[in-house]
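I've put the structures underneath this note.
Note that subunit A is present in both complexes that follow, paired respectively with subunit B and with subunit C.
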Partner chain A sequence: MANADALFHVDGLSKQFGGVQALANVTMSVAPGELRAVIGPNGAGKSTFFNTITGLFPPTSGNVFFQGERITGQPPHALARIGIGRTFQITSIFRELTVRENLQVALTGRERRSWSIWPKARTMNMPRVRELLALVGLTDTGTRIAGTLSHGDQKRLELAIALAGQPRLLLLDEPTAGMAAQERLASIHLVGSLARELGLTVIFTEHDMAVVFAVATVITVLHQGAVLAEGIPAAVRAMPAVQQVYLGEAVAPVE
Partner chain B sequence: MNRPSLLAIAILAAIALPLGLTDFWTFIAIEVLVFALYAVSFNLLLGYGGMLSFGHAAFFGVGGYTVAILVKHGGLPLAVAFPAALAMSAITAAIIGFFSVRRIGIYFAMLTFAFQMLLYTVALKATGLTGGDDGITGLKAAGALSKPIYYYWFALIIVIVALALMHRIVHSPFGMTLQALRGNPRRVEYVGINVRTHQLATFVLAGTIAGLAGAIFAISSGNVFPGWLNWTASATPIVMAVLGGFRTFIGPMVGAAVYVMLEVVISGHTEYWPLIMGVIIVVLVLMMPEGIMGMTRRIRDGKR
Partner chain C sequence: METIGLFFTEHFGWIQNPVVVARQMLAGISNGMLLFLISAGLSLIFGVSRIVNFAHGVLFMLGAYFALTIAGFGPESGLWFVLALIAGAVGLFAFGAAVEMALLRPLYQAAHEFQLLLTFALVFIVGDLVKLIWGREDHAVAVPGLLTGSTEAFGVTFPTYRMFLIVFGVLVAIALWWVLHRTRWGILVRAATMDRHMLGALGTNTKALFTGVFALGAALAGLGGALAAPIVAVGPGLHVQVIIDAFVVVVIGGMASVGGALVASLLVGIVNAFGVLAFPSAAVVLTFALMAFILIVRPWGLFGTPE
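Let's look at the complex of A and B:
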């Protein structure tokens, strides 16, 4: 392994869909406590990167390491159990269940109790459910049907589902997509403070540069499946190549 | 009235029921019990797990044939034949489920359908064991259970225990997991739960209980026929569950009772009864898209 200190390391990862090279030899190391932004234009391969490393489909070649262990190609449930949580670009919750049940299912997974036929599920883990709801600002929505929540609240619920698993590494695919500008910043600051509070390492993708620069400690730029640039936000912003392919000529200064 | 007292009244009524019935109607009551159990077992898959099986009759048939073969050819008592029927249907469900549950939607339906047709062919062709076209007839329980009323109580106890078990399970953490994966299996995977093994366990449970229903029915009706394994037999629990309401636990039981009663009443009046039943069921389902129980629930909630 290239980087012994890394919590998470990807080595030469490639993914081919028919004729499309969605990921091309991506190598990346993420240190504990980092808030890593993976950015790039539409179709750059950001979601494919997340899907490949979380076992939704295997890579065409390359390897993934977590806490020094090779985890390439392991199924999602196995990765969740060793501390990798994620959210999806298209919000993925249990729409027909109540908000509370959404978290109870997640906690059942966390506690490996999905096989028990005792006790009644409905009353399980209520203190922890309330804690998680408070954490993401969804207090008092517990009995609502999850599918009836606003888009932003559904995103927050999905974050709470991921947090219920007590991950060490949290992968967020466009955590603020579809939110109003104001809500976006509030959301990403919430992620930032939760990460510090809970000692999480976060990798997120994002299109809104204000959101990226608000919290990212390191930025990786993907372009046509390959890593175009990587570095601290100020350095990445200054790179001409990055400005050309992604940020556009006029990059508005962010406070 | 609260739920426990309603339940107690229902159970007492079910116990007392055959005291006022002729043997003919006692057999009909047993049939209602059998199909209620069968339909609820099917609904573990459809209503809770979101898996539409087109081959659930396979297990009903395996349970029935196992009992029939052991009693008829082996001369074994029900105390042996029933557990054997459970084991056989569980093993069958484990094998069929192993190949089927990894597929989704219509592929799952087609695979379960294909396996069931395979078993249908076996029932038709393995004449030495199954009697082929003629099936196995003249089945009878020994001793007290040969009296319809005692057999009814025997069936009632089994059905209540099996229903209680399934009710327990759907409200447990396992059951909640099942309802979660119905709508979003990928999310369930990503909270650390192996979706496939949970689906397979549900499939085996549903198949085993269907086998139990088939075992009870083999003795009460006195026969098993290859038609039990034909594809039309797999439509029956689907219709019962949808008619009664597959989003509730008791819906399929209500659907089974209505279905069996309709069949008895209408077939007594005309040879065109399947046509008339079909029309009635279509009308009922169109009028009550959430089934009978979905409808009554809506009326109750609306009045409040």
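Let's look at the complex of A and C:
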């Protein structure tokens, strides 16, 4: 491994769909405590990168390591168990369950006690459920049907579900997709403060530059499936190559 | 005018006879309860694993045959009848679990057609096995002594066994609701009907859940078959009408909705019961007409959710 201190390391990851090279030899190391943004113009390979590292489909070549262990192509539930939580571009909650039940399901999966049929569904894991609701600012919504929450609150619930597994690493695919501009910043700031509070490492893909520069500590720029640039936000923003790729888009946030 | 009057007396003359209406209503509701036991499982299995289980009718039939054999040890004995019901439920629970683990599990990743082919093949395999073991002729199961005869209610005498079926069905419905809403397992099952991939991603062992749901669905069908045994001809053709009605119920009630299955079962049971009185030769058409109507106004069923 290139970087022994890395919590998460991707080594020479490639993914080919038929004749299309969606990811080309991507290597990156994420240190504990980082908030890493993976950005790039449409079609740069952000989604493929995300789906490959979360085990949705196996890479054509290359490897993924978490805490020094090879986790390439491992299924989602295996990743959940070793401490990797994730959320999706399309909000993934159980829409017809209550908010509380959503978290109970997430906690049950973590406990590996699914075989235990008998009851206490009402009281099951309630202290932890309350804790999670408080963390994401959803206290008092416990008995509501999840699908009736506002979009922003559904995203918060999704985050709480990911946190239920007590992850060390959070992988967020376009966490602010579908939100209004104001909501986006509030939402990413919540992620940022949770990460600091809980000592989480976060890797997120994002296309909204304001969101990226609001919290990211390190940015990786993908272009045509390959890493174009990497560094702290100020450095990445100043790179001519990055500006060229984003021609016409405001890389620098409006001060 | 005269022809309309004639049409009415010919097809709906029974409406003026409250005893006939009450009896038919009771028959419809009790048949509906049996239908509920079958379609609740069918609906749950589809909801959780997206398997369209054509074999659900033969599971019901197996339950009836198991009851036939066990009840045969003590005709009209209440104890043996209880044992027969247990045999139907437990026997089919085990059979369902075995079928799911050995045959369906390898096919979840395969194309949908393979699963359809498998459950369809099971219909023929179980159908022939039944003929080998119990023969081709129809059998009768005696109503246990305690439940024979009739009971008077609202000034009308009803067959006691039909009343028993209704009470039993209500109890099963309550138990099922409780399991799905008040137990840890039930919440996981409901979560699986919404998004089984996400449930798996959260660390839940969905394989075990799929097996459990299939076995529970089979057990409900088996219990239904055992309960039906005293009021039907237990023969190799028993499953045919049952599976058709069960699918009609699931379509009307909405996929993966147990509450929908209950309402739709009662609806289909009642429509059938009165349809037989009004249009004896075309009663079957009525349930299909009902289904077609629901499909037009609410394609996802009464209690289902549009996908």
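Keep in mind that, in the parts below, the second predicted complex is superposed on the first by the 245 of 255 C-alpha atoms of A that agree within 3 Å, B and C clash if a C-alpha of one lies under 4 Å from a C-alpha of the other, contacts with A are read in each partner's own complex, and residues count from 1 in each chain.
Assume a contact is a pair of C-beta atoms (placed from the backbone, for glycine too) under 8 Å apart; a residue touches a chain by one contact, two chains touch by 3 or more.
Keep in mind the model is a prediction, meaning the values are calculated, not measured.
Peer 1: Return fit or clash for subunit B versus subunit C, each positioned on subunit A through the superposition.
Peer 2: Superposition check on subunit A flags a clash between subunit B and subunit C.
Peer 1: Looking at A:Ala106, would you say it contacts subunit B, subunit C, both, or neither? Reply first, second, both or neither.
Peer 2: Both subunit B and subunit C are touched by A:Ala106.
Peer 1: Applying the document's definition of touch, where does A:Ile145 land relative to subunit B and subunit C: first, second, both, or neither?
Peer 2: Neither: A:Ile145 stays clear of subunit B and subunit C.
Peer 1: Can you list the residues of subunit A that touch subunit B in one structure and subunit C in the other?
Peer 2: 75-77, 80-81, 86, 92, 94-97, 101-102, 104-106, 108-110, 112-122, 124, 161, 164-165
Peer 1: Which residues of subunit A touch subunit B once you look at their complex with the stated criterion?
Peer 2: Per the stated touch rule, the residues are 54, 56, 75-77, 80-81, 85-86, 92-97, 101-102, 104-106, 108-110, 112-122, 124, 161-162, 164-165.
Peer 1: Can you list the subunit C residues touching subunit A in their complex?
Peer 2: For subunit C paired with subunit A, touching residues are 181-188, 190-191, 194-195, 197-205, 208-209, 305.
Peer 1: Which of the residues in subunit A come into contact with subunit C in the complex?
Peer 2: Going through subunit A, the ones touching subunit C are 75-77, 80-81, 86, 92, 94-97, 101-102, 104-106, 108-110, 112-122, 124, 161, 164-165.
Peer 1: Mind listing the subunit B positions that touch subunit A in their complex?
Peer 2: Within the complex, subunit B contacts subunit A at residues 168-169, 171-177, 179-180, 182-184, 186-195, 198, 201.
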